[in-house]
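Two complexes come next, and they have one chain in common, subunit A, joined by subunit B in the first and subunit C in the second.
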Partner chain A sequence: MKYKDTILEEVCRFLILSIQIFAFYIILNGHLSPGGGFSGGAILGSSLIIIHLVFGKSYLQKKINSQNIPAFISIPLIIYGLLKLHSFLSDTLHWPHPPIGTPGKILSSGFILPLNIMIGIVVAFVLYQAFSYFWDEEF
Partner chain B sequence: MTSNLPLINIMFLMITAFAFPLIKKIKYIYFFSYIIHILLVISTLATLMFVVNHGAYALNIGYPDTFMGIQLYISHVEALLGVVFSIIFLMVVIFASSTIDKEISENRIGLFYLLVNILYTSLIGVIYSNDLFNAYVFIEVSTLSACGLIIIKDKGETILAAIKYLIMSTVGSGLVLMSIAYLYSITGHLNILLSHNVIVATYQDYPNSVLIILSLFTLGLGVKSALFPLHGWLPDAHSSAPTPSSAILSSLVIKVYMVLLIKIIFRLFGLNIVKDIVIMDIILLLGSAGMIFGSVMAIKQKELKRMVAYSSVAQIGYVAFGIGLGSIAGLTIAVYHIIGHALTKSSIFLISGLMISQNKSKYIEDLKGIGHEMPITLILFTLASFSMVGIPIFPGFISKWYLSLACLELNRISLILIILASSLLNLLYYFPIVINGFFGKENLKGRIRKSKKVNPYSLFPIVTLIILMLLTGLFSGRIIDFIALSFA
Partner chain C sequence: MHYFNIIVLLSLIVFSIAISFIKNLFSTVIVFMIYSLMMTVVWQQLNSPDLAITEAAVGAGITSFLFIAALKKIKEVKK
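On to the complex of A and B.
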């Protein structure tokens, strides 16, 4: 960063926390209320972008190594594909279904919750990656 | 389990695609891609055997009811095309493992194989899908991954070509989406089979709608498959992409949309409804124009890969010609030509990539006397160009022969002249390369015999493709009978 702004940093310390909590709320409630993996992931990704802008790249680098971001994107996608393969094939091949749980509770509705979580992670990191490509111009 | 293989193929490719960025060593990336594509060849062959034994079948996914669920439909054509695609992808991947590191930077090789897998998924998705919206989604995926495969070289010309391709094919997919929406508003279904039933019952109430839907489909899929006046993006994109990418793009990607058009004409509307609509004649006209002008433009080219790319425009013209005839014989030959040309064009692109990289010049002029230095490579090129020109036994001849027979069947003898003219024009641009490559005293000056060594890993896939091409020509009768089972 070219310059530091103390007011901005102190405000963002609180703001980012609430943004991320809100993002996790949207992801985890995706199967119960409006929201879901994509919208929650977009909010989570924008919180990463704000950290990058306010505290600088090196601050975020300490928490998330940018070398690992491709892995953060591809591992959830692989898990997503495997879960989806299971739900496509489970009927014809008589594989066990995931427990349905009590409707209205967080742990319910089978695979939708884990699928939402995977999508959330992927969207957050893809957004951040796209931003950092343009911001840092490192291709 | 075997009946579920088409779905498993699609999912397997999607899941394994994202394992490539996790692999750090390039050697393991190559090895992993070999395993994936060999497994795919085995599984598509198993699907083909299943279809041979049990006949065509529909596969409902996730939901047993056709109305709610997604459906794949695998008939003889789909199963056969799946095998051809898997073999070509395997050969291209083997070829790529020996040459791709010279064309793109090392940290992008994982990304290249990821995109190849995604592209493959989307192509077989379009072929298998019996659901128009799913087909549309797969079309979008294939466009984006094909753009990625072009742009991965990261040079000015590839970026320009890919942006051109992206804009034009976005217009194409927009048209396809519009026609799907229009169709849905009339039939209330996205499934091809269910829509067909509604259309057969009610098409006389909507005389113009059928015309509009079919023309939107033709335009949209025509842009994507580079049907003659809509081919503007193709030469740039296919000539500037890395060699393995352009082999895939030119031999498979542009064909898939034609397969979808065949499915729409034959399964969605049915030939009885379509035969009186003017759009079939327009497809025929565009196909004939493509056959002639694609070749004329190819003659003028000075770069080898650009010439081969323009030749693809001409070959798509043959497919459109077969579709536009509007008879079962025409559709059968269109599918046969797709198979024959896919094998031929992929080998021609791989060969021209080899010749360009060894000769260090992309211009046709500098290829004079290349046969002295790379005899085996140029012999393979000669065999492939025999097929393009239409020498008997080769698949190019077979499709021209049967196309002429299909014209005779419909009493449209004048159309045979177009086939003949296009055949002669093909000769004008393929044979000079062969003749100048082998003969002429001044051509061979300064050329040392067999001086340019070719890596056997890059020669093996080409030889395999050429052998398969010859077999496609030799057993053409059986293959055409097999394809015709789908159109019974």
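On to the complex of A and C.
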């Protein structure tokens, strides 16, 4: 379903870019400032929903093939599980830790940054998939 | 700042009562969206900006989208 509205399309072309930059900022700064994987992923998912509503499903289909979305959801979840398993077992089994880094920098606090990125990807695609089930009734 | 908090909390009560009394379902969704935005301000006033960001993204954004999509489905079934 596509609404042919030139003003809406041109405004959204700039708005979606800033929404996505803000979402990536929240995900990457999740361990330093308010936010994190879930909040940033929800914002990223809402930007995908806006693209779907404004430019139509075929426009998003060119960028992201909808048959690959289950893989986009499951592969980060598997990586998340493996990283979390490593962080649970590494203390008792004396496995190597990731470098802690200097506090306050982006590359710090060990596993939290990759876990936030994985959760952000999962939440964004799950919310988009839930919306797309409602809107297009394709199961 | 004290009066601001009282106004926001009273508006939350008014919105939540209004949601159950409005007949038009689309208006209900819009009022629910405003309720979530006011809730965001309340979380910020309670010094939890993390919850405020999540409430703004999920409460005002995703939930309203899903409610509007559900309304569209209801209208298609009625036709």
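Criterion: the second predicted complex is superposed on the first by the 137 of 139 C-alpha atoms of A that agree within 3 Å, B and C clash if a C-alpha of one lies under 4 Å from a C-alpha of the other, contacts with A are read in each partner's own complex, and residues count from 1 in each chain.
In this text, a residue touches a chain if its C-beta (ideal position, glycine included) is under 8 Å from a C-beta of that chain, and two chains touch if they have at least 3 such contacts.
In this text, all values refer to a predicted model and were calculated from it rather than measured experimentally.
In the superposition on chain A, contact of A:26 is made with subunit C only, not with subunit B.
In the superposition on chain A, A:35 makes contact with subunit C only, while subunit B stays out of contact range. Contact with subunit C, but none with subunit B, is seen for A:46 once the two complexes are overlaid on the shared chain.
Of the two partner chains, subunit C is the only one that A:135 touches; subunit B does not reach it. Once the two complexes are laid over each other on the shared chain, residue contacts for A:15 go to neither subunit B nor subunit C.
By the touch criterion defined above, A:83 lies against neither subunit B nor subunit C after alignment on the C-alpha atoms of chain A.
Subunit A has no residue lying at the interface with subunit B in one structure and with subunit C in the other. Subunit C makes touch with subunit A in their complex at residues 49-50, 52-54, 57-58, 61-62, 65-66, 69-70, 72-73. Put simply, subunit A touches subunit B in their complex at residues 70-71, 73-75, 77-78, 81-82, 84-85, 87-89, 91-93, 139. Subunit A meets subunit C in the complex at residues 26, 34-36, 38-39, 42-43, 45-46, 49, 127, 130-131, 134-135, 137.
Looking at the complex, you find that subunit B touches subunit A at residues 1, 4, 7-8, 11, 14-15, 18-22, 61-62, 64, 154.
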